[in-house]
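Every chain is named by a letter (A, B and C) in the order it is written, and numbering of its residues begins at 1.
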């Protein structure tokens, strides 16, 4: 039978047609993960029982596979009468799973700010809220920009998991072609190639951003 | 409050512990308005902790600390108002790296003093000129030398028009060739009549501007004297030993 | 089935999860060492080629890579068991990540270490083996532990290529028993009891390495 390059090429447009879905899912999941992760880190930082609990939740998420979370949400939510589209469930799963990692990114980003910075803000009599908005958050954003970009790539590479929930992203499209033609090798290779290219291009972009931030001092 | 020289800082029986470590042990110290006090002593003597207590960056467990007529720690609003009378300069500058020199200076003017942008910039430029660095207003701290950064930090602290300036080893993190430019600014400030408490080992500076030198060790004030006496033959043996080691290099 | 039976049923897949992990390490560890060191030493075109291989394994989406090798290899005449294909793909993906830790660990060593070795008359391979690698591997060991956890978690994927790991068992049980809450909670818990102790060990290692006194003692 062999690997049919012409067939691979002919499947490219169909698979590439789902790139919008893939990128949208990745972007929305990344924003969701960042929002939950930031919230997690704020609660953890505040300490107390709530902080310890959230710390454990983060550890739990990081000790379990994303596939298990997707199954969990996909099958457990309907059991409680919550019926959501598979795309929504997929985005929720990726957001929840990566929030555990992004909480660590926020933690590192805040910890990397020298102790003298909030102290200088206090010495200048800035209110706590102003110190957070004008001194802490801008420096944190600078610290997390590159790791956040790298996690966006990770999330992008995790979007094909959603094919398991029948979300029509690029891997799902590749499988559609495969099941119609009984040829798996070509469409799957094409999907793999597109993801690799996307990941490499975005990673390069993140590296440039990192270099630019460093150069600004 | 009208005729007699006002007490800017009044410290009585101040005690502070970090866990089991007694970092401040029965400190009494008065700083009159217009006075210039130099605090010196070996590292770990509690001198930095003391100066950080004066503007409330550190809390303490016993004693009273009055700043510009307010007893610190009784009332959050009054404590905050009293702190606004102080300007602080740190050993490691602590400029905000993501803001330009000008924005470093205008941040508190706009957010604390409620000045408009143009008012704040005018005030900030005046102080940057005072520390002789107006041409760097649009630069970022990372683009400046250590000496330049510390002069900006002094300008930033001056912007809120403080009645007392606190210096916490302002030249210890600097290369030797940059120390003078910072000390020159501090001497000029002293000449203008600014009340100053300064933790430093720069004895030349102390001799030139200080009217009182305080020597600390082990959390206590061991010796306090007018500068001329401190550098004379009298004084505590411990501070004499300290001076000898300091002045040798 | 009681929730406890469900939990036991899922643990029947633990053997497969463990073998894929162990078999995966057989691919991951040599790949990480060889390619990490090679990328550190190589220059010019050689380095470009090595980086290309690493990036292929590291930057690809591992779920797709698994399917690709599972379906493509037979097409080009290579028949491997599902276990071997899974171990290879997951292992080399993890190895790709770990190789970057090896290289970064080597690059982070002060150049004085290499120079001191040379000054003692050691050959280049001896310097690498006796001076550079031991320090780099100790320094990066927390990263390797994290990669190991990622590998264990990635084995959940093998359920998609018919291997009966814990995830596959969960889905099998789900076909005969409608109790998704117990089944998928058990699945998450099963992975948690495997991965969390590894994470704690990693934290202990990290703390040990971070305290300067322990480093001189060597691990």
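Here is the rule we go by: a contact is a pair of C-beta atoms (placed from the backbone, for glycine too) under 8 Å apart; a residue touches a chain by one contact, two chains touch by 3 or more.
Fair warning: this is a prediction, and the values are worked out from it, not measured in the lab.
Student: Could you run down the chains that neighbour subunit B and subunit C together?
Tutor: Both-contact set = A.
Student: Look at all chain centres (mean of CA atoms) and spot the one farthest from the centre of subunit C.
Tutor: The most remote chain is B.
Student: Counting C-beta pairs in contact, which chain pair has more, A-C or A-B?
Tutor: Greater number of contacting C-beta pairs: A-C.
Student: Roughly how far is subunit B from subunit C, going centre to centre by Cα mean, in whole Å?
Tutor: 54
Student: For subunit A and subunit C, let me know how many angstrom lie between their CA-based centres, rounded off.
Tutor: 20
Student: Averaging only over C-alpha atoms, locate the centres of subunit A and subunit B and give their separation in whole Å.
Tutor: The answer is 47 Å.
Student: Could you check subunit B for residues that touch two or more other chains and list them?
Tutor: In subunit B, nothing touches at least two other chains.
Student: Which positions of subunit B touch subunit A when the two form their complex?
Tutor: 55-57, 80, 83-84, 86-88, 90, 92-99, 107-108, 111-112, 140-143, 156-157, 160
Student: In their shared complex, at which residues does subunit C touch subunit A?
Tutor: My answer: residues 55-56, 59-65, 67-68, 71-72, 75-76, 149, 153-157, 159-160, 167, 170-171, 174, 180-181, 183-185, 187-188, 191-192, 194-196, 199.
Student: Per the contact definition, I'd like the list of subunit A residues that touch subunit B in the complex.
Tutor: 114, 116-117, 119-120, 122-127, 130, 134-135, 138-139, 142, 216-217
Student: Under the stated contact criterion, what part of subunit A meets subunit C in this complex?
Tutor: Spelled out, the residues of subunit A in touch with subunit C are 1-3, 59-60, 62-69, 71-72, 75-76, 78-79, 153, 156-161, 164, 171, 178, 184-185, 188-189, 191-192, 195-196, 199-200, 203.
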